[in-house]
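Two complexes are shown next, each including chain A; its partner changes from chain B in the first to chain C in the second.
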Partner chain A sequence: MAKLSKLAKIYLVLVFAILYAPIFYLIFYSFNSGGTMSSFEGFTWEHYGAVFNDTRLLIILMNTVIIALLSSLISTAVGVLGAIGIVFLRNRKTRKTVLSLNTILIVSPDVIIGASFLILFTMIGVKLGFASVLISHIAFSIPIVVIMVLPKLQEMSSSLIDAATDLGASKRDILTRVIIPYIKPGIFAGFFLALTYSLDDFAVTFFVTGNGFSTLSIEIYSMARAGITLTINALSALIFVVTLGLVLGYYFFNQRAGQSPGTGGAKT
Partner chain B sequence: MKEIIRATIAIVIVSAILLYTVNVLEKSSAIFGGGTISVYNWGEYIDPELIDQFEEETNISVVYETFDSNESMMTKIEQGGTTYDVAVPSEYAIEKMKENNLLQPIDHDLIPNLQNIDPYFLDLPFDPGNEYSVPYFWGTVGIAFNPTLLEGQTFESWDDLWDPTLQQEVILVDSAREVIGMGLNSLGYSLNSTDMDELREATDKLKTLGPNVKAIIGDEIVEMMRREEAAVALTWSGQAADMMWINEDIDYSVPEEGSNLWFDNMIIPKTADNVEGAHAFINFMLDPEVAAQNADYVGYSTPNEQAITLMDPEVTRDERFYPPEELRERLEVYENLGLEMLGTYNELFLEFKMDMEN
Partner chain C sequence: MKDNPSRPLYLVPYYIWIALFVIVPIALIFYFSFLDLTGAFTLENYQNFFSSVYLRMTLSSFWYAFLITLITIVIAYPTAYWLTKTKHKQLWLLLIIIPSWINLLLKAYAFIGIFGLYGPANKLLQTLGAGPWQILFTDFSFIFVSVYIFIPFMVLPIFNSLDKINPALVDASRDLGASSFTTFRRIVFPLAINGVKSGVQAVFIPALSLFVITRLIAGNKVITLGTAIEQQFLVTQNWGMGSTIAVFLILFMIIIMMLTGQKEKGGSYNGKTK
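Moving on, here comes the complex of A and B:
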């Protein structure tokens, strides 16, 4: 790629500045001893202390993480198998239909999905809480995983499977030793996307939480009426730092693993 | 494949550890034998210490959850699947929930502390005899203003908002009943008017306020007033108290033509699990010391007569937040006008907003 022109560089810097400014603004005020976001009075760690003293907030935070991890794990498992199933569907028409159905789920508004789940759960008598939130998060993550895994599967040459069969691989071997290693980058991408979707989902969760179970997005939204306290700033800052650490760690790990096949290295 | 299995195991282990920690935390905050109640309240509307105190005193552990609007709370309760034991809706929502048969009658024998409540706040039209609800907080709608940005103006009357010197200085709260209600009040009509002629006249008068209006927004009002980006705002007394807490220059007044008086009351939904625990909680919240501490923390006005005697007199003698009886007589509580009339209010409000854009 040719070197960026000066104008392009300035543009790039500007875009990133706009993207990151709100986050840094938020983090900056998390150290404010003044108690509000209106004026900076002095440096303090007190809001960070408040995060760790607020058991309710910690429980909500952990609930959010548990739901995200479990729902993306399960939806990845289901989604990968689903994608494999779709690719190996013989009939083109059926395959197209199934794929369209999958896409419809992705583009349909969260509010509709949430409301339908609420109606479903109350109709069949599922108590709203951990289980209902987990199930709905799994449900809206599966189509995303399918979409992330499919291109990898389609890219895979069928001669790979033929060769494996010729060499005497059983169906199980083909799945675990040929297909899954090949589509691994897609699986991880799907997992991480599902994870972020689950972490920041508000609309669906809003409908299906209840009985004392709450996630961070719901809690922060409820607080907005009376004014969000700086404790939330501190919490957001912590989450940002942890995410940053994870991303950096991931890159570091990937670099060290070198060009080992299928870890998401550049294809061309 | 190995990598995927390892990642899966890692995730499962992390989730298991987190689940365990949540359990431990929940137990350590709830090592009580008296069962559990779940309370559904507005965000930031209780002193968290009081929940701990209630748990210690009664051995009942509290699951506390928050909502942001009467409507979302009602949907949750109406749909079922939840077992909230206590919720805190506003008066018009209580009326609606009563109509929809979502409430349980309150056993007054289990709430001896009801006697602490100022009789003025009992037996109101939206719940005669307090059969279904018990007062939690109350307040008014009025004008918050910043005298340092104005030339000694005061807002004794709604008409003061129409002052030509206030160009682009007035913020309105984005709520049909409050704004149309202000129009009605300024003409001396009732807040609950269903007379089309009166409503039309009020809307036409509001349109002439156009040049003075800077914005029609929601909770951002507090922040804007704090930063002195605007000088005047039509708002609720609680929001005004929030502003004053940060910016001492701000003042609040309830115009003499009258205004809205609102209540948030505690109710027990029909779907409640632990009705006895719910009564215990309601009774606890009405305890004078508890109510006083809560009012100190939240900043809204308490209906608890005994609590007021325990509070800082500087606060409770503040007529802006504890208006004296003469003023209260001019205040009106919103009545449930029915779906159709509410639609008319919303339409007129929209008409006013659209007119502003020209």
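Moving on, here comes the complex of A and C:
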């Protein structure tokens, strides 16, 4: 493979620098003993202390994590089954319709999802709060999981299933011992993406959250509108470290998975 | 696989989801767009939408979305292209994606500090002798932050489609004497156009409906369709008018999807090169 030119390297470095500058800027000022993000006065941990002493904030943080984990687990389960179902749909037209319906929530703007879910929950009488937020997050994560799993299923050769059938495997065996292991990377990718979407979501949550319940992004929004508090910086530093840990863990998991026979050929 | 009696069972939760969270919400939006504040049937909302205020807002929303998408492509395409040529490309790609995992609000918040009157952007301008500027709450800051937010979403699909291109095709083109520009224009670009299209889908429609960044960074000076919907739903509590704007946003979305839609041919073609 051709080596990167100098220009290419400089360009990439610049893009990376710009992408990460705001994040490190936030983290840097989280250690500022002055109250602003413009002049660094001295090193302090006080803003981190403020995060951990703020029970309200901790509860919100926990809400956010619980919603993210629950919604991605449930949406992964529904999405994987949906994707398997779609692949087995023999009628081309039905499959196409289902796939188009699947894409709708992915491409729909958050405000529309939020607004329509708000109407829906109000109409069917779901109380705005934990339940409405969780249901919304599950709802917008399912199509993402399907999209991540589908390509894996499509690249799976049908002779694998035929072979399993010939060897006497039941439908259940085929699902749990052939299909699921084969599409595992897709499932994990879907799960992590769902997790991301849930953690990252602001707009949909903003519509369906009501008064009593709040997630981190809702809280940050109201804090940011009120002005700069370095507590947000400390919080974002913590989030960044956790995110990085998750992503790296995912990457190494994927690397290991990549070495298993079957997909090993793809890596060079 | 010829007969699969358990197939419908797989799909039950998924079908319920489609009915309840895809079809019903859209139907509700459509239904509410014909209701006025008292809940009576009316066409007034549609009349209002075609008044000059809303038309101007729609146009400006489109203009901003167009600019944001264009700039994002210009920045993301070379990034994706060169990333495919790096040694640990998956790791680098991951590093591009990580910022998109960081909550949008945090990134917007960071820019409030960076573009603030005493922030680093103005400090840099001052050392260059260009005096402090009001950067926050301008069109510039709005577009800059939006592009910043969308870069990973554009890099990812372009990277994926570039990465799928069989290198033998590029080698063949070179062997046949094509210059690297010709190779790019005739081989790489057409084969990766689907990535660009997905990128446009992933950027243009959200850009039409941004409301966080308009509120935090653009200081309510920029009003997008999204801002208007949010305003109608959560501030004015006029769900009818909000729904009408949403109906149009959905229409625009469908048009954009059709324009950037991918023929199934492309997908299977990529599959065959494996």
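The rule we apply is simple: the second predicted complex is superposed on the first by the 248 of 268 C-alpha atoms of A that agree within 3 Å, B and C clash if a C-alpha of one lies under 4 Å from a C-alpha of the other, contacts with A are read in each partner's own complex, and residues count from 1 in each chain.
The definition used in the following text is that a residue touches a chain if its C-beta (ideal position, glycine included) is under 8 Å from a C-beta of that chain, and two chains touch if they have at least 3 such contacts.
Owing to the predicted nature of the structure, the values given are computational and were not obtained by experimental measurement.
> Once chain A of both complexes is superposed, is A:Ile84 in touch with chain B (first), chain C (second), both, or neither?
The answer is second: A:Ile84 touches chain C but not chain B.
> So, does A:Ile104 touch the first partner chain B, the second partner chain C, both, or neither?
Only chain C; A:Ile104 stays clear of chain B.
> Please work out whether A:Ile119 is in contact with chain B alone, chain C alone, both, or neither, and reply first, second, both or neither.
Once the two structures are laid over each other on A, A:Ile119 reaches both partners.
> Where does A:Tyr221 make contact in the superposed view: on chain B (first), on chain C (second), on both, or on neither?
both
> So in the superposed three-chain picture, is A:Leu70 touching just chain B, just chain C, both, or none of them (first/second/both/neither)?
A:Leu70: touches chain B, not chain C.
> Which partner does A:Leu58 reach: the first (chain B), the second (chain C), both, or neither?
Only chain B; A:Leu58 stays clear of chain C.
> If you stack the two complexes on chain A, which partner ends up touching A:Gly210: first (chain B), second (chain C), both, or neither?
So A:Gly210 only meets chain B here.
> What is the contact status of A:Leu167 with respect to chain B (first) and chain C (second): first, second, both, or neither?
Neither partner.
> Between chain B and chain C, whom does A:Arg177 touch in the aligned arrangement: first, second, both, or neither?
first
> More residues of chain A are touched by which partner: chain B or chain C?
Comparing chain B with chain C, the partner touching more chain A residues is C.
> Common interface residues of chain A with chain B and chain C?
On chain A, the residues that contact chain B in one structure and chain C in the other are 36-38, 118-119, 206, 221, 224-225.
> Tell me, which parts of chain A touch chain B in their complex?
Spelled out, the residues of chain A in touch with chain B are 35-38, 54-56, 58-59, 62-63, 65-66, 69-70, 73, 118-119, 121-122, 125-128, 132, 176-177, 180-181, 184, 187-188, 191, 206, 209-212, 214, 219, 221-227, 229.
> For a test of understanding, state which residues of chain C touch chain A in their complex under the given definition.
The contact residues of chain C facing chain A are 1, 4, 6-8, 10-11, 13-14, 17-18, 20-26, 28-29, 32, 75, 78-79, 82-83, 85-86, 90-92, 94-114, 116, 118-120, 123, 148, 151-152, 201, 205-206, 208-209, 211-212, 215-216, 225-226, 229-230, 233-234, 239, 242-243, 246, 249-250, 253, 257, 271, 274.
> State the interface residues of chain B toward chain A in the complex, per the touch definition above.
My answer: residues 1, 3-4, 7-8, 11-12, 14-15, 18-19, 21-22, 25-26, 28-29, 38, 42-45, 48, 63-68, 72, 76, 79-84, 219, 222-223, 226-227, 242, 246.
> Considering only the defined contacts, which chain A positions touch chain C in the complex?
Going through chain A, the ones touching chain C are 1-2, 4, 8, 11-12, 15-16, 18-23, 25-26, 29, 36-39, 77-79, 81-82, 84-86, 88-89, 98, 101-105, 107-120, 123, 139, 142, 146, 154-155, 158, 161-162, 171, 196, 199-200, 202-203, 206-207, 216-217, 220-221, 224-225, 228, 232, 236, 239-240, 243-244, 246-247, 251, 254.
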